[in-house]
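Following: one structure in structure tokens, then a few remarks.
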Amino acid sequence: MSGTHAHSAAFVRDRMIPQEPPPDRSIGALGWLRQNLFSSWLNAALTLVSLALIGALLAAVLPWVVHSSWTANSLSECREQIKAAYGPEESGACWAVIRERWSQLIFGFYPSEIYWRPILAFGTALGGLAPVLFPGVPRRALYLTAAAPFLVPWLLWGGTVWLPVAVAFGFVLGYAGFRVVAPWAGGILGAIAAGLVPVLWWLLLAGKAAGGLQEILPLGIEPVSSRNFGGFMLSITIGLTAITLSLPIGILLALGRQSRMFIVKVICVGVIEFVRGVPLITLLFVAWLLLNYFMPPNTNFDIILRVIIMVTLFASAYVAEVIRGGLAALPRGQYEAADALGLDYWKAQRLIVMPQALKISIPGIVSTFIGVFKDTTLVSIIGLLDPVGFSNSIRADVNWNGIVWELYGFIALMFFIFCFSMSRYSMYLERRLRTGHR
Amino acid sequence: MSDTAIDRSRLTVSDEVAIQILGMNKWYGAFHVLRDINLTINKGERIVVCGPSGSGKSTLIRCINRLEEHQSGKIVVDGIELTNDLKHIDQVRSEVGMVFQHFNLFPHLTILENCTLAPIWVRKVPKKEAVETAMYYLEKVKIPEQANKYPGQLSGGQQQRVAIARSLCMRPNIMLFDEPTSALDPEMIKEVLDTMIQLAEEGMTMICVTHEMGFARQVANRVIFMDQGQIVEQNEPEAFFNNPRSDRTRLFLSQILGH
Amino acid sequence: MSDTAIDRSRLTVSDEVAIQILGMNKWYGAFHVLRDINLTINKGERIVVCGPSGSGKSTLIRCINRLEEHQSGKIVVDGIELTNDLKHIDQVRSEVGMVFQHFNLFPHLTILENCTLAPIWVRKVPKKEAVETAMYYLEKVKIPEQANKYPGQLSGGQQQRVAIARSLCMRPNIMLFDEPTSALDPEMIKEVLDTMIQLAEEGMTMICVTHEMGFARQVANRVIFMDQGQIVEQNEPEAFFNNPRSDRTRLFLSQILGH
Amino acid sequence: ATLDDVKARGKLNCGTNTGLVGFAAPDANGDWQGFDVAVCRAVAAAVLGDSSAVEFVPTTGKTRFTALASGEIDMLVRNTTWTFSRDVDLKFTFVGVNYYDGQGFMVPKALGVSSAKELDGATVCIQTGTTTELNLADFFRVNNITYEPVPIETNEQAQQQYLAGACDVYTTDASGLAATRATFEDPTAHVVLPEIISKEPLGPLVRHGDDEWADIVRWTLNALIAAEEYGVTSANIDELAAAPTTNPEINRLLGTEGGLGEMLGLPADWAVKAIKAGGNYGELFEKYIGQNTPIGLARGLNAQWTDGGLMYAPPFR
Amino acid sequence: MTSYPDVSRETFRLRMLIFDTRYRSLTIQVVALIAFMLLVAWIVSNTVQNLADLGKPIDFGFLTGAAQYDINQTLIEYTNRDSHLRAAFVGLLNTLLVAALGCTLATVLGVIIGVLRLSRNWLVARLMTVYVELFRNVPVLLWIVFFMAILIETLPPPNAFRGENATASMLLGDSVALTNRGFYIPEPLFSRSLGDISVFGAFDISLDLIAFLAVLAAGLWASARIRARADRIQNQTGLRPTTWYLRLGVVAVPVLIVLVALGFHLGYPELKGFNFRGGIYMRNSLIALWLALSFYTAAFIAEIVRGGILAISKGQTEAAAALGLRPNRIMSLVILPQALRVIIPPLISQYLNLTKNSSLAIAVGYMDITGTLGGITMGQTGRELECVLLMMAFYLAISLVISTAMNWYDARVRLVER
């Protein structure tokens, strides 16, 4: 046991050594510079190259941005103003075009005296989303969430108040149908009734009922045709609708795809893979050229509605794939526990499976949404006046013929702000949910 | 195992049949997992099922509340035969509570919500009443103070007790336990076993897959030994442990107790 | 712990110095992790390092094979001083084997490939020879039959033994272990400790961060207790455990052993 | 039928150019103005009695026919050439011609080109989906010279590329060239080459299959042309329409005699409203594209037949 | 064993369709199938009805008619007398060209940026973060038109290269001209050319190219042999012979010989007439589309690469370092093989996205399949349904091929686990 030790050097520290500051310049500003920018020759070179790059970019862009005119009424006037102010060789930005066309870039041809309507509509939509997006909002705001889907379109398109009421009544009918049928024939028939009754109502009676009510009690606001929608309002309308509708549809598609029922699964897989396999632009072509062919003769519905349908379909397929990932990540035990407690399929999905699967899928869902919002610019290719489309028609104006960077820059900036804040929000959400249960 | 003194005379068994399994067979694909199972369990019985891994213990109790489908034979629970009829399945499931090895609590709900979920949505109990019931059972498993935490914040033993409380909130007549303690650290096993003993004392019909032989001796009125999908031996605990009749049982017991 | 009888007299310590650390200090940013470390380790010594979490144990042994850089003082391993010279670092690293808490096996390579990778690419050993060496050490850690499996297919204990074999294949003079058993299930700990004991018997110089006090008593010839980045006490195991001289050590031991 | 749809809607959906000064372009207030636009307004005035009851749908060379075929617009007035295949294969009805045109080339003066035949190897900006695109291919093939086409969606993009020098030549209808050149900072730096390589009768069109609607558009256009022939102008029309005049032709046109309006399913004063919307054909021409506008087109082929031109409205009887 | 009563054979009742687990799923499936078929039938019948009303029944015959229009960029022989089908094929090749170019550049950029984002250099890392956020938060369509505008507005027209007082000049010894119509770069020419062969009578392939590729392939094969030999030697002796110059040689020397034999020389672009002649002409539409798609996709690829490298835990690097492996070997033997498994599947779906996004070519007048088949052909013939269907079929085929490749790769590299 003993004698084998070279060191029986037992040692006990009698005095503890306190924290000491590090010896070299590894802290402080200089230390930071050394560690982060000039830690090696390669790094130093990279730093210098980066600095040069940033410098060159700023030198090229900054004077142009700053040497600008906000007041001119045409491109030539603007150029003159800039030459007058900053010298004959200078070129600068004509932000004046943004000032002059600001309201058009935002609202398109929406009648200017009722700009409050789209503003109120998007306010309502945000209000409706708030209780879903942020946990701190009181539960009562959920009423707004329920009302928003009817309120927002009505505010945007105007017309009789009875139409949204009639549409909303369809949901009441559906619920009633379920309550009447379900106890007697069971959940599945109940669900079918809940689906069928409102569809019949909407297709056959809702329009007439709304018309009739309008006769009796004319209540309404000035209707605005969707041809007048344009600018960011159009992007947001399409984006927001597609985003909100694609979530439930995507969930259904994802559930269908996970289903053990072969035919249901095949149909869902087919739809998802088809939609994901083709570019959005071809789907927009369908909306624009073919959707009217698919409808009974002489139905001619709004191009914006058609576009919204296709963009929603597109978003749904992508959301479905994201949610499928979330569903797959859920342990089997959760399903079994729900079964063992006697929850039926839909209740288990709603109470147990979806809340968890959605939580897992949030980053994916949000990036899908960002993608959808960005993709709304494609509608300019089929001639709708979203911001990109609008920039073309502004350029068609003799006064602003030849203006390029200011418009693209402005539009890009706006999109950047929207998309960037969405992605930051998703990070915030992820962080919050990660710590949520701990 | 548990040090709690238990008065076995208080554990009564009634004559009414709770579960009856007749000539039941089950296959996974071509693999014959359960072979000709015959078993009658009376109200108030406390059955412990044991046997080597893969012998079909879990499958057996999962058949009882139809988490798995059997292919031939008959299972009657509380007078209701388990067929493909959804109504019957729902009825049976609300009579039978089940506790899983890995608890399977719902991590996105608080403990209280875990416990009130099924009563509210399946039994259609008013929320207030459901909360009262839940608190009653949470007290019973001695964690009422955790009611508003999330499962992730609890230790394994506490989680398993919540799982038991969650089942009890549906006021089942029969409880199934599938190795409820085998995912737990030694200190926590006792907490859970105590809770189960308490349940047994109150006359609950229980079927429990476990290798806690102390628990079996103390609580069970019958021990069933399974191997290769069959019931190989069943007997009262004393007789089972001290005097196993089959060779396989003896072999198995020697491994388990020597461990 | 291990039931293997170990003949301590066979564990010899030579007079040659294997590792010498002189007045070594290390900072993370402004945080002083290691403070004035002085330590001389002779060939064949078996050192156990223990201490509360965050006391700098891992950092200390990671400094020895330069996974971390120290800012002042001197570390000499096998006669080579650790400076920024890459040659020296490479030399030291191929002399010193390290086993991590989480094994860090390469999941895309088979066990055999894990073991032969470094000998082939660092030591430039012919493949055939590398395979032979690898098989030799795999047999030593008692898993030659797993050679063609992937790490994902092995249990934790087996993986850790592979990690040890992988280090040994480089034929190091010194082995460093950073809590090699703390990520393992109890049954698997024994497998790994047995392997380490065997290594010790063969005279390997070892530094092991561990809280397995049984192992320390049985194998170590010196136990080092660290706290707040400093070596607070070091002694022979018997004296260390039975008669700790510093209050901090006593407190720590009471916690660990009472556990 | 289309007429009923339009009446029910209370608006006429009219397809126009995305922007071609003089023919169709929104002004600073967002109101559409131009020679083609005026036809839309006249039809709206005739049908709905309100020349502002028009929803203008900007279309590109490529999108215009789909817009019409899919029913998105009721009529298309977008300097569209009447061709056999558009009429027969694409199933549209051209109701007349509001401008007789031909395809020309515009080049910067600095290039020193005086004939289209000298354009061998040039880069040519061309709007896709147009007849000019096809004519161009034929022209260079026939003359055995090469070119590099740069396909472009709208007139405005073509202009941008042409001015930046990304193409040497811009080719389209001569009227379009004149209109485009008019918007340049320095129009005199560009010349339109003398060759006109095609016939381009431009006119309004509607879908096949609704002859009543085609008649309305056709006769509205004819009314504008006839009005010029008879000397009915926006200045004197109120007077002329107040009571029957001595000229029965004018009376039938203005609805003070006979029931032409009723036959079309329109009120009797349909033509009065159409003419009052912007004036007669000659007035419209002068106002939007004539000699006194920056575009400065001469009447040429578009003069009345009585002045040696091709404008020849069939009789109103 | 005791005999037991068999399960009572129930008679079938209607309610079992809904409540019996055996029939229930069947019921639902039949209902779903019927509903789906009804929907499809409804759409088809509407379409047929509508098209009949318009008098243009579905008919693909127009594809064989003469296209009549010219296409500026044609990878195969094409004149305006050729059929619409051939025009569509020209467009298809153009789509594939820009997709291939785009995927290549996007990968290169994405990898560089992704790696630089992990750089310890604070400034570089931040700069790359800015790049990524900027590019992925602005719509790709905007980037495309933006790049096109940059080309058109900032580069000189060919005119500017002309005359005594030219304001612009060619680069790299008068071999490259950057104009606002596109870039002209030298082209490979062969003075002793082998000529072309015709494939199916549809298009020609240069024999020179074939010869070149054949020799290159042979060289690569030889190089692989040398490498295998090096592996063998390493296995036997442990020492790896240095072979890079040999391997370079077997590839380069025969290729050089073939090039000399064929009389290889470069054809330089020259200003003649209105435009540069000679050389390879990359039109501004191609360049704008290519750069925009690459830069945009690179931002996503950078994130994938970064994620892939981060996913390989620090422990792997440390374990490898502790074994004495040098940093470059750690990268090639430990990190890359693992990171690639994480990176490649999402990378392939980015390729798919890029290919689909290339349909935005239409915004800058690049004649891809949406520009020919879905653009001019559709506009001139008015065959919307047929053209859109064909276009969708084409893109579906591409995505099918790509996702099959991805699944195959996924299955091949999946880590073996318990």
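Order of writing sets the labels: A, B, C, D and E. Residues in every chain begin at 1.
Keep this in mind: contacts are C-beta pairs under 8 Å (C-beta built on N, C-alpha and C of every residue); 3 or more make two chains touch, one makes a residue touch a chain.
Being a predicted model, the structure only gives us computed values, none of them experimental.
**Student:** If we look at chain A and chain B, which chains touch each of them?
**Tutor:** E
**Student:** Which chain maximises the distance between its CA centroid and that of chain B?
**Tutor:** D
**Student:** Taking each chain's centre as the mean of its C-alpha atoms, give the chain farthest from chain C.
**Tutor:** It is D.
**Student:** With chain centres taken as the means of their Cα atoms, state the distance from chain A to chain D in Å.
**Tutor:** Taking the average C-alpha coordinate of chain A and of chain D, the gap between them is 42 Å.
**Student:** Go ahead and note the Å separation of the Cα centroids belonging to chain B and chain C.
**Tutor:** Chain B and chain C have C-alpha centres separated by 46 Å.
**Student:** When the C-alpha atoms of chain B and chain E are each averaged to a single point, how far apart are the two points in Å?
**Tutor:** That gives a centre separation of 58 Å.
**Student:** For chain D versus chain E, what separation do you get between their C-alpha means, in angstrom?
**Tutor:** Their C-alpha centroids are separated by 43 Å.
**Student:** Could you list the positions in chain B whose residues touch two or more of the other chains?
**Tutor:** If we look for residues of chain B contacting two or more partner chains, we find 86.
**Student:** Could you check chain E for residues that touch two or more other chains and list them?
**Tutor:** 19, 24, 53, 153, 362-363, 384
**Student:** Which residues does chain D have that touch at least 2 chains other than itself?
**Tutor:** In chain D, the residues touching two or more other chains are 63, 66, 160.
**Student:** All pairs of touching chains, please: list them by chain label.
**Tutor:** A-B, A-C, A-D, A-E, B-E, C-E, D-E
**Student:** Using the touch definition up top, name the residues of chain A that touch chain B in the complex.
**Tutor:** 186, 331, 333-334, 336-337, 339-344, 347, 351-352, 355-356, 359, 436-438
**Student:** Would you mind writing out the residues of chain D in touch with chain E in their complex?
**Tutor:** It is residues 61-63, 65-66, 69, 89-91, 110-111, 119-123, 128-129, 133-134, 136-138, 141, 147-153, 160-161, 164-168, 207-209 of chain D that touch chain E.
**Student:** What residues of chain E sit close enough to touch chain A in their complex?
**Tutor:** Going through chain E, the ones touching chain A are 18-19, 24-25, 27-33, 36, 43, 46-47, 49-51, 53, 119-124, 127, 133-134, 136-142, 145-146, 149, 153, 356-357, 359-360, 362-363, 370, 374, 384-385, 388, 391-392, 395-396, 399-400.
**Student:** Which part of chain E faces chain D closely enough to touch in the complex?
**Tutor:** That would be residues 53-56, 68-72, 79-80, 152-153, 156-160, 180-181, 272-275, 277, 284-285, 362-363, 365, 367, 371, 375-376, 378-382, 384 of chain E.
**Student:** Inside the complex, what are the residues of chain B that reach chain E?
**Tutor:** 22-23, 36, 38, 69, 72-74, 83-87, 89
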